[in-house]
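Chain naming follows the written order as A, B, C and D, and within any one chain the residues start at number 1.
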């Protein structure tokens, strides 16, 4: 396999590191350019001693102009706003781009409402929303993929079979998500100081998290229905993992077995979705470090409700793994290249 | 204050220890009799070196006959079934009893359905359900209190103002609870082995947990309505604490401020309920080691929903602290005696 | 008991909070004045919702001039340097002072070498080093106590019986300490960001930590010998607790029983020292939240060595608890007033 | 590369799982036979849902007779004693064997003293001690490798350059090790129950751990000197990782730079040893999930001492990774085959 030259912009965060972890073992990719604004000039293995022996290249300052012309694949792990500004400058090059930030995930109206003015509205239509399990055909023809948010990935994959088949009241969906702390990034703040987080659990941004409209738009686009969710994220004292517990009202009574069959069938071609047997509910620890989304569920026939439990590693299927999966599609690699990493346990 | 002689049956578990932690500093209580089936014959400070210097008495085998006649207060921290059998034998004595187990929390029908045959049905009617904030008058006249379950305490206190005032659809309540591991007790099993729990989160007993009917019965009794909940407990990698996120459908639109005002007013005389300001949601770490239940909430006027977040320390307000609060009422002490322990943080 | 009016300067850190936790339940103290530079103007129960219902006073800016004249007891939980500057201004008042910082722990020479110029050298001689177990008589006559460092407390109490009785080679002592993260304070930085600390252990400031000279000076003063230690601190993924493992060379062979007897005897009057039985080594979790130092040990007769394991809660016996113990001595309260708090477990 | 057929005996523990994690991605190995006494008859992906999609074969009961004749590579992750009994029965087959247990790590005398009667003394001499970095030539010619203990790996690699070059007093070595909980295995017991371990640190088996004689023998054999260590293991609240802090007395004064140079040179051909720069000490989190041993150190010229800090992932370089490295040598694969897995962080 000829290796394609790749750049990772924003390489000093947790998502950046996880990209490097996956890409160093990817047979089709050569990591050729890294940026990290705060650490420019340092070697990546100085910032991440983990990388020592794998990758010893210098971190460059951010800036489209410094990206070498021969770069073919670009991963952006940058704050929203910053990301779109770079995409704008390199979009015309002969590159494939996966943006792990929020800039191209939403329609312009929704973006403006939740994030403010968009730095590059003209490219929104060009970007494919990057959940292959619901949008593979569109991704195949794109050169820019908007990698999804971590919470949305777990919620959308947990709900897709139900909304696609119009089985639930799309106005009465509750998504209660629990996330490890790496989802909050690597910038120090009191909120994520060890002793503030350890040995505690809390809800935050109740009804106000920017991933709520992303879940709604993506599922509405996918199903053709107008999907609304009540979304509450929680912070859990662990490094990695998201578990979303999803409560739905079924349009008609279904048994647990019925629904499990539906999910099995819906995802039967999907390498990275695994359905748990009846009465078994997945733990985040069974996907840690891997690209899987594991799903378990229970239906309550007496009152037409169901509870779906969906787990991912927020840094892999919720970020870097999905990005590599999307890039594999963009670049013409087999979709699972570099992603056949079994979970780390414990 | 004359000290009353107290027995703690089942002193070698986490709940047992937490009772000892509180009672050793209680000015009205002298701990005189401890049992622990597995550790009978050992000194309590050998089983719990924590207690060394506070309490140095021998653990006795379980058995009503061995309880000295001069014991005035009895706390039972025993498995269900076992507990009722002991209560049956000592009920006629001149004692006040708080049973921290499940035996007297439910009506006979509900108990039979969820736990099986009841070992002492004749006393069910005598027992007062022990959440003072919703049942204080009944507790005052009882000699036996059924201390509530940990999950029910957090759910019931989070819902009481709404159901009492008939503000919500009692058929569409979702309770999503997250618990620390001490709630599962101190008996070793693979499920609670360190590496199985650490760095992971999972749901369990979805729609099947025995605390679900307890929540429903207690709230139905309190409100006069038929309350149904969808209850999903989760295990979180921390020692102590329960956070319940509660999703309700309001009968009519309310602002967050309206609801906060309602909660403030409803609980204005309650020492152990604290309401968080608007946009602030409590963390379990703000009640750790203390008897408080802290509550925050958010209403969504656009669709008549609300999210309530309720936190307790499962071993204190969810078990031992509530037991002492109940015993204070039974024994005629001031209700807060021995409970003015500020949270431990971090 | 008449309550004495107390000030806590630096109330918004972990040590500050732990002082409040202990002092709110102290029958001889009324907390009357709090400062917190960064949070001045906010209510303490806003900064620490834990305190809600216990203490509702406003945080004031730091500054000796703002301390009310009627304050009788002053606790300083401030950075070194800052602390001495305040002490200088209030020392002549009719107050008792416990400084939890480093400014008065060392001789002038040692301070200058490890910290730089001293802001108030004239008071160094007035300050008593605040480990009552080795310096009670001196504390009794002081008005200013230098509360010891957390690591030094665990190391010194673990070594005191040996050095006092000249039983070991004072040139070959190794102190390997493991600390929870609260010891690093509450200021956000990448080093103490949740994901950087969790699931890892590391050594830091090997041979260069400022607590090393403190251990050496305090033990030298106590024993009349010139004590040298090799000190290596480690950061452990937990909130509270220090465990020091101490390796010594005995001048002559001793059995474990001999040494345990020596320790038992040396500390027989000490409320807050507990000696573990032979073959039992204490865990930090058996002192959590309490003022105890628990010690276990093993001697190796074949080669005249011994290993001593000493555990404390770094925020209690290693900071706030010791401060209250010292203040009790200064203020004429019974030494254990407010400190009879059993450990929290789990 | 033709795949060789491999068996993993004892596949349901943490070490077993980590072997599967590594071997499923190993291009030269096909996992063909798994045993797990307690779970015989279940599918491996039922016991470890992590493996679902990678490996779906049935677990067999232990027993040499059931091992298919065409198995070429055998990994034993069994309790000591059990392991040797199986090796005895299969040794004459045309197989290469890596025993991850303790049975063949020690001389007969030492084994007998620390473990009791040896079940297969005749093969002790045939087994090569499996730390390639100190014993590669011997491993190359063996058919049975005794995979080293986790603590010994970290201690031996941290000390090898010093003892080989006769730079230290081999009678005054202190090894203070801190281990994550996975090192204790997967059998439930109160000692490793979540709440007993979490938020605490403790020493155990002080001066009595069976890894102490292993460290001594291996280093004595390697250096030709009689090496003695004082070894104290500690349990840390994390899943994976060992950090050993090693205190030595140098025969003559060395600078930190001198020693770092010595280590760099000693290990310059070793893929899985990384030396940290001066003043940098490795965290276990920089090797998590990988086969590296990272080493940092500091020399103190004033008193001829040095402190060496050595970190590994106890399940990888301390167990399964080392086993694959050894098997690669035995089977003629490139030594790093399947082991080029970057650390997982956070």
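One rule holds for everything that comes next: a contact is a pair of C-beta atoms (placed from the backbone, for glycine too) under 8 Å apart; a residue touches a chain by one contact, two chains touch by 3 or more.
Since this is a predicted model, take the numbers as computed values, not measurements.
Undergrad: Could you see whether A-B or A-C has the larger number of C-beta contact pairs?
TA: Here the pair linked by more C-beta pairs in contact is A-B.
Undergrad: Going by residue numbers, if over half of the contact pairs line up, that's a repeat, so tell me which of C-D, B-C or B-D repeats A-D.
TA: The pair repeating the interface of A-D is B-C.
Undergrad: Averaging over Cα atoms per chain, report the distance between chain A and chain C in Å.
TA: Using C-alpha averages as centres, the distance is 46 Å.
Undergrad: Averaging over Cα atoms per chain, report the distance between chain A and chain B in Å.
TA: From the centre of chain A to the centre of chain B is 39 Å.
Undergrad: Give me the residue numbers in chain A that touch at least two other chains, ranges are fine.
TA: In chain A, the residues touching two or more other chains are 14, 182, 195, 198-199, 237-240, 282, 286, 288, 346.
Undergrad: Name, in rising order, each residue of chain D that touches chain B in their complex.
TA: 14, 181-182, 186, 188-190, 192-199, 237-239
Undergrad: Under the stated contact criterion, what part of chain C meets chain D in this complex?
TA: Result: residues 171-172, 174, 176, 178, 180, 195-196, 198-204, 206-207, 228, 230, 232, 234, 236-241, 243, 245, 247, 281-286, 288, 296, 298, 300, 303, 305, 307, 309, 311, 346 of chain C touch chain D.
Undergrad: State the interface residues of chain A toward chain D in the complex, per the touch definition above.
TA: These residues of chain A touch chain D: 14, 17, 20-21, 24-25, 48-54, 182, 199, 239-240, 271, 274, 276, 280, 282, 286-290, 292, 294, 340-346.
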